[in-house]
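Shared between the two complexes below is chain A, which pairs with chain B and chain C, respectively.
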Partner chain A sequence: MNKFKKYINNVNISRFRFWFQIFAFIIMVYGGFLSIDIGENLPTFSCPYIDKGGGTCFLMGLQHRFTLPIDQLISFRGLAVLTSVLFFVSWFIFFNKAWCGYICPLGTLQDWFTKLRQKIGIRYSNYSEAKFKKLKKIKYILLGLLILIPIFMANSIPFIGKLSHDWAVPFCMICPGRTVLPLFQGDASQLVIDYGSKTKMIFTVLGMAITGMFFAGAFFKKRFFCFFCPMSALQFIFKKLGFLRLIKDGTKCTKCGDCYRACDMGIREIADDIESKDIIKDDCMMCFKCVAACPEEKCLKVNFLGKTIYEATEEGFYKRQKGKK
Partner chain B sequence: MEKERFEKVRKHVRSEAALEAGDVLNKIKDNFPDNPEGMNYFYDLLSRQFSEGILPKNGKKVIGTMCVQVPDELILAVDAIPIRVCSGSFPYDNAGAEFMPAKTCSMIKAIMGLFSVENYQKKFDMLVIPTTCDQKKKTTEMLTDMGYETYSLSLPSRKDNDNSRHYWQNSVKEFAADLMKKTGKKITTSNIKKAIDLKNNARYEFRRFFNLRKKSPSVIYGKDAFLVANAYFVDEVESWTSALKNLNDELEKRVNKNFSIVNQKTPRFLFTGSPPIFPNMKIPLLVEEAGGLIAVDEVCSSSRLLYDMPAYDEGALYDMIPAIADCYLKPCTCPCFVPNEERKDKLANLIDLFNIDGVIYQSFSGCQLYEMEQKLIGNFLMEKGIPMLYIESDYSKEDTGQLSTRIEAFIESIKIKKKSDLKGKRATK
Partner chain C sequence: MKKKQKKRIIAHGYSRGLIIISVIFIAPVFAENREPKSFHFSLTSPAEKKQKHESEHAAKPVRKYWLSTAEKDLNLEGYLLNPLGEEKELKIEKKEEGWLVSFNTPFKDSEDHGANNVYVVDKKVVDKTLYIRTAKWITVNHSCGWGHGHKHDKIRHSALSFEKIPFEIVPQVLWDDKFHIRTKTGDNLKVFVYSYGKPVENAKVTVVSEKDWQKTMITDENGGIEFQMIRDYYERNWERFHTSHRSRMIVEAEYEINESGNYEGELYNKIIMSTSMPWKYSPALEDYASYKSGLTVGGIFFILTLGGVLLYRERRRKPFLELDFEKKPRKNKKNKNE
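The block that comes next holds the complex of A and B.
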């Protein structure tokens, strides 16, 4: 048992994640071909715009369900919204935010871009932490909008009236998942600007622009899009329920900042916060690179239902650093 | 005439220094039982340092460093030899006192004495001095004035925000560029990777050593531990690492055989404050000769030297050099930083890990930062209920008698406390 534990702790988690992500990507993007359909309400970007995907993203259903008059929303029909959230949460709690780090096809795609950049030998860009902190709030605004806009499609706003149907699934319209992921099945039909109406045109133009930024951003900043992802914001609300946890023992921390260096999302608290035990922040995608980069015995741990499944060890750290190319 | 006089002084100071080093080494070897075989390498190395000098003669460039914050991976990467020149020698301290202000700390005086008495201008290709404390900072200019090639490595006073982190990363980058210019060698991904691995091997053995010291009752004296780390100042990394590996293997055997050099009742101390550098082993020796044991330390000449390891994410210079820089700034608990809460956290952690009964805090007189931080650390330890002995001292032997009385009394009081604690434990069982 101890030997097994040691083997696990010495594992190069990035390599494991690389293969796991490929596996998850195949299921999410090509699942239909393998007659796999995991289900609806998935807490990840398994985009319904892919013809034969392996599941459906929760955000799409959410936007549809909120297109209800308020009085219906608080009556029995509101239960549908509640049950879908319940399904979402029950999917979510198993992997917690690791849905982002291990499964999300859009996230995987960005990681591949990072790999490509490294291969070419171009450096990443640095941003000042203070500026980025403000930008990161955008994801909560997006989350708010993607609920409010559908509500105002079914309820009238004073002086303006109801929003037209062209406002449907507003987030999907600007999400790079819609434009990019179908490409993997050879479907470029989403890469168009819809001139049907003014609203539609604005949305699709915005969508195309964001797709461009998605590619450019992913190339120079690791997981650039994830900083603005409303799914990440939504998940963060339920993080306390997750079975999978990232735990920090602050008494063992020397604030050496190795974990902060490793963090693709640049979360400084992972190094500097020695008070919190549950150290998951809203941007965390639970890739556990921090655990792999921690040289302090048992300082950072990955727990599943209270049981430690992976933890920082001196030996593991040393082996991983030595094996780096 | 002047030259002759100078030559005479040099000879005199040199022989005095060699004598002092020999004296201290004999004490270290002969006054204690059960010295590990593996220590002989370190004893020999340090005695050679003062009798023959150990500056390498293989034609490689030699870069002198002061303070732990100098990233010597970079120096190793350009195929030069880093030598830490912080000195603990009293004769050199005396020589420095001739022209340094009276209230300068002994270490600074010893360094200045060393570089004024010895004509090292040609032997060191560069002296790298980080801007840590005011005294270290100013030595840079004085040494330049004496004709030395110096480099002032700019260190921020804070380490708790991203600005200072980037500032430090940039100053390390500049240093790397300067090194390349000086040595005419390029830092590449492969040679820096080699240098990091080389130093990480040393760090790995050092951590093993650190962990072996946790055993209670102990398998090795603190005086030996100080020497091991001190030897790193002047030794080549590879040979030092393999010597420490031998020592570790030996200590591991001791642990397995349940062999220890002291008994259960021996009080275990944590040593912190101004760094003891060989041959200034005054306080550690006084403590251990009086029946205490320095189980662990928190000083920049020993535990802090090689504990922290860098972790780079991408194997390219743009990530590796900042990673090296980070590991010298963020975890550093030098009192030149404000705020320095990490030092308290570290002490608390060490007290738990090493089963510490008391803390010995040394400041060199004139080392303002350690003197001032003593108050903060003292209050913190008082709250934790850990007794602390504060000692202000320098490199001279004048205060030995008075100090040994104080140290003995401190150890005695802890022994009594420990006895009653043990009894209490037995009673509750």
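The block that comes next holds the complex of A and C.
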């Protein structure tokens, strides 16, 4: 048992993650061809605009379900919203925010861009601490809007009235997942500006502008879009229910900063915070690169239902460093 | 005298001829046309002029459809085939406005979540011809809220035919695997004509668009025809153009059989079968969307972001400074004050 544990702790997590991401990408993007349908309330960007995807992103259903008059939303029809949230949570609790780090196809795509940039030898960009703090708020604003806009489609706003049907699924309209992921099935139909109405036109212009920025941004900045992702914000609300946890023992931390430098999201607290035990922050995608980069014995741990499944060890650290050389 | 008599006889002959001609050619025009016309289902009663279209996203516990005819003396038989191929009860009512059929659809995600076939059949003998008229309506009982759990079950998505129906139109595919109807202008649609579950060759199929453009085709040995949906919706004002606009089309089929027989005590020597199936279609994406604009916007923002990052990096690059240890260090302002 100890041998097995040692083997796991010495493992190159980045290599494991790379192959796992490819597997998850195939399931999420091409799953339909294999008659795989994981579900409709997945806590990841399994985009419904992909014709034969292996599942459906929860945000699409959430936006649909909130298009209800308030009286219905607080009556039995509201139960449908509640049930879908329960389904979402039941998927989410297994992997917690590792849905972002290991399964999200849009995240995987950004990691591939990073790999390409590294191969070419271009250095990456990072946000300053002040910018980072400002930008991370955007995902909460987007989460709020994607709930409020559908509600205002079914309920009147004073002096404005109801929003038209063209406002449907507002986040999907601007999400690069809608425009980029169908390309992997040879479907370019989302790369258009819809002149059907002014609202649709504005949304599709925004969508294409964000797509353009996504390609350039993801090339220079690791996980560029994840800072703005409302799914990440929604997941963070339920993070305490997750079976998978990232635990830090502050007493063993020397604040060397290796974990911070390894973090693709640039979360400073992972190195600075020695008080918190549960170290998952809202931008964390649970890739566990920080655990792999930590040289301190048992300082950072990955627990599943209270059991440690992967932890930082000196031996593992040196082995990985050796492997790099 | 003789000449006058001759003229009178000729005039008399002309008028008699005219009367005969008028009897032969004009009288049928005014005579009552007893040939029954085909009918179809509609969401509105025959008195209502406004067209309505059913949404597959708005699930309803009860479905109601009107027959387009104002005829009162119909002898209708109703049939309902659920998505599992089971026959269910269809209620037919004779109302003041016309004929109304209705049935219950489970308002939840149950096994019969999908396409239901609704039929009415009327048979009557007129002028020694047996007319068998069928009207068909396909309704997709679906709500996205129920989920798309059956999306890989191909049998559930296929359109069904019913062996009890004397004459019917069966579309090849009109909805996708999520039960969303996506029939668009420019699509090639294939429909088959069946009689008691078997394909009918040489049946005459007419497709009538919203503004009454028509195309008539003859079925092949498999009972099939293929046609392209023409664009029939134009708005001069962009503001009034709706991408979700539903145009109605009606597919009608007719087939004649030279066969003698007896129907409810009335003899006939010919059978004329007719059937109809209304459907709807929307403008194609190409009518209102542009790849050129999309790629231009995407490209501009890609270049702007790329340029922005490179420019930012360039501006932050510090000029090369050679360290000269012999040179005295420059005093800053603070030191000056001191």
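In this section, the second predicted complex is superposed on the first by the 324 of 325 C-alpha atoms of A that agree within 3 Å, B and C clash if a C-alpha of one lies under 4 Å from a C-alpha of the other, contacts with A are read in each partner's own complex, and residues count from 1 in each chain.
Everything that follows uses one rule, which is that a contact is a pair of C-beta atoms (placed from the backbone, for glycine too) under 8 Å apart; a residue touches a chain by one contact, two chains touch by 3 or more.
Quantities reported herein were computed from a predicted structural model and do not represent experimental measurements.
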Ask   = Should the superposition on chain A be reported as showing a clash between chain B and chain C, or a fit?
value = fit
Note = Geometry row: CA centre of chain A as apex, chain B and chain C as ends, angle in degrees (steps of 10) is 170
Message = Applying the document's definition of touch, where does A:D71 land relative to chain B and chain C: first, second, both, or neither?
response = neither
Ask   = After lining up the shared chain so the two structures overlap, which partner does A:M213 touch, if you call chain B first and chain C second: first, second, both or neither?
value = second
Inquiry  = Contact-wise, after the overlay, does A:S128 reach chain B, chain C, both or neither (first, second, both, neither)?
reply    = first
Task = Applying the touch criterion given at the start, work out whether A:R268 contacts chain B, chain C, both or neither, answering first, second, both or neither.
result = first
Query = Touch check for A:D278: first (chain B), second (chain C), both, or neither?
reply = neither
Message = Output check: A:Y318 vs chain B and chain C. Expected answer is one of first, second, both, neither. What do you get?
response = first
Inquiry  = Quick check for you: in the superposed arrangement, does A:T251 touch first (chain B), second (chain C), both or neither?
reply    = first
Ask   = Rounded to the nearest angstrom, what is the minimum C-alpha distance from chain B to chain C in the superposition?
value = 8
Note = Counting only contacts in the complex, chain A reaches chain B at residues 118, 121, 123-124, 126, 128-130, 251-258, 260-262, 268, 271-272, 274, 289, 293, 295, 314, 317-318, 321-322, 324-325
Remark   = The chain B residues in contact with chain A across the complex are 160, 162-163, 165-166, 193, 196-197, 200, 204, 207, 211, 307-316, 318-319, 322-323, 326-327, 330-331, 342, 345-346, 348-349, 352
Query = What residues on chain A touch chain C, complex-wise?
reply = 32, 35, 37, 40, 56, 61, 64-65, 80, 125, 165, 179, 188-189, 191-197, 200, 204-205, 208-213, 215-217, 219-220
Task = Using the touch definition up top, name the residues of chain C that touch chain A in the complex.
result = 144-145, 147-149, 151-152, 238, 241-244, 285, 288-291, 293-295, 297-306, 309, 313
